[in-house]
Amino acid sequence: MTLDTHSETALDHAASPEGDASHHGYITDKDKYLNRMKRIEGQARGIHKMVEDEKYCIDILTQISALTSALEAVAVGLLDDHLRHCVVDAARLGGEAADAKITEATQAIARLVR
Amino acid sequence: MTLDTHSETALDHAASPEGDASHHGYITDKDKYLNRMKRIEGQARGIHKMVEDEKYCIDILTQISALTSALEAVAVGLLDDHLRHCVVDAARLGGEAADAKITEATQAIARLVR
Amino acid sequence: MTLDTHSETALDHAASPEGDASHHGYITDKDKYLNRMKRIEGQARGIHKMVEDEKYCIDILTQISALTSALEAVAVGLLDDHLRHCVVDAARLGGEAADAKITEATQAIARLVR
Amino acid sequence: MTLDTHSETALDHAASPEGDASHHGYITDKDKYLNRMKRIEGQARGIHKMVEDEKYCIDILTQISALTSALEAVAVGLLDDHLRHCVVDAARLGGEAADAKITEATQAIARLVR
């Protein structure tokens, strides 16, 4: 996932100049995330169907693991964008604003790491 | 989550006698899982909408953490049912069948633990 | 980690007949776990040293991730042995004893999955 | 863990002025981390002893979960310090240096989130 996240990040930055990025808010490539979330919704529906059809438990668990990994990849990507834009901007302003942004980001990371 | 899983498991077992459980295949309370998956699909749609509306990144990450926890609770519940039915049945038969079921369950657990 | 766990499990079972396994209690290959835990203690000391020497934060985090993965592999291996021996034995006895063992195992899995 | 991380961070910042922090390199409170790592080494030795003494599997798993949580708390704390110092400094310089620091931090987070 690390390499994946990295290469995507690199690509986004090749693909979207600062201006474009700021136009999209903190999200470097909004369409990428919308497509990923569409896929994730489809995976959730698929798991619902598997339970409905009483598919083999282990196969359902495999799909749940895949969905969880997909969600984690989205979370790490959004966090990368957040650090790259909101946190970097706050850091330039410095002071309490920067401290507050970092604390907020760390708490989000703690929730993801669990 | 442990206590939650535990109490639910206890309830299921109070609520559904063996016969009922076997009628539902390995799933002790199918409707419970269908409802949970419906909620999870709704959470995924909600996160898609948050990205669409460019909600604050940290708020999206909080929802992703909540969705991941909900999926983990479903996975642990299904695994509990699987151990309680498929694995216990295989254990009674014993031999390679039992060994294979345990190996399969352990691999599913390894994917969940990561 | 799944394949790793699997192949090790397969090996243990080739290497240790039931009698041997029961002589070691629920642990199929005690020496394997003692060696792994020794390595893990060494990894923990190494991380302490890295903080002491103020090594680069990211390098310390990489070592913490490696240590966490090593601990998860030990946990999954022990859980496999536990299911293979304690839970299977309880399943053969059946009734509340089996139910209690499964609930206990599920709660341990829930703590690992988090 | 979130609140815990937060309050500790707050405390560190009350307790250690910038000058002190920079004297400790990127680590806001080095002694705190050295003490935590000492405790973690003790926990690892304790788990080795439990395997040695063939303690009940579930009790060993409980200790492994506790040790993993302790490591995650250290990782999140170090990451907080890293963002607060290295990343913020890089952000002020801006350009590729800042981008590279964020990518490096995101990859470390991806390894922790898994």
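Order of writing sets the chain letters: A, B, C and D. Residues in each chain are counted from 1.
Just so we're on the same page, a contact is a pair of C-beta atoms (placed from the backbone, for glycine too) under 8 Å apart; a residue touches a chain by one contact, two chains touch by 3 or more.
Just so it is clear, the model here is predicted, and its values are computed rather than measured.
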Problem set entry | Cα-centroid distance, chain C relative to chain D, in whole angstrom | 23
Exercise. What whole-Å value do you get for the distance between chain A and chain C if each is reduced to the mean of its CA atoms?
Worked result: 31
Problem set entry | Geometric centre distance via CA averages, chain D-chain A, whole Å | 22
For this session: Hunt down the residues of chain D that sit against at least two other chains at once, touch-wise.
Result: 72, 75, 79, 105, 111-112, 114
For this session: Sort the chain contact graph into one of these: line, ring, star, complete or other.
Result: ring
Exercise. What are all the touching pairs of chains?
Worked result: A-B, A-D, B-C, C-D
For this session: Going by the contact rule at the top, pick out the chain D residues touching chain C in the complex.
Result: 24-27, 30, 33-34, 37-38, 40-41, 44-45, 47-48, 51-52, 54, 57-58, 60-62, 64-65, 67-68, 71-72, 74-75, 78-79, 81-82, 86, 104-105, 108, 111-112, 114
Exercise. Along chain C, where are the residues that touch chain B in the complex?
Worked result: 1-2, 5-6, 9-10, 13, 72, 75-76, 79-80, 83-84, 87-88, 91-92, 94, 98-99, 102-103, 105-107, 109-114
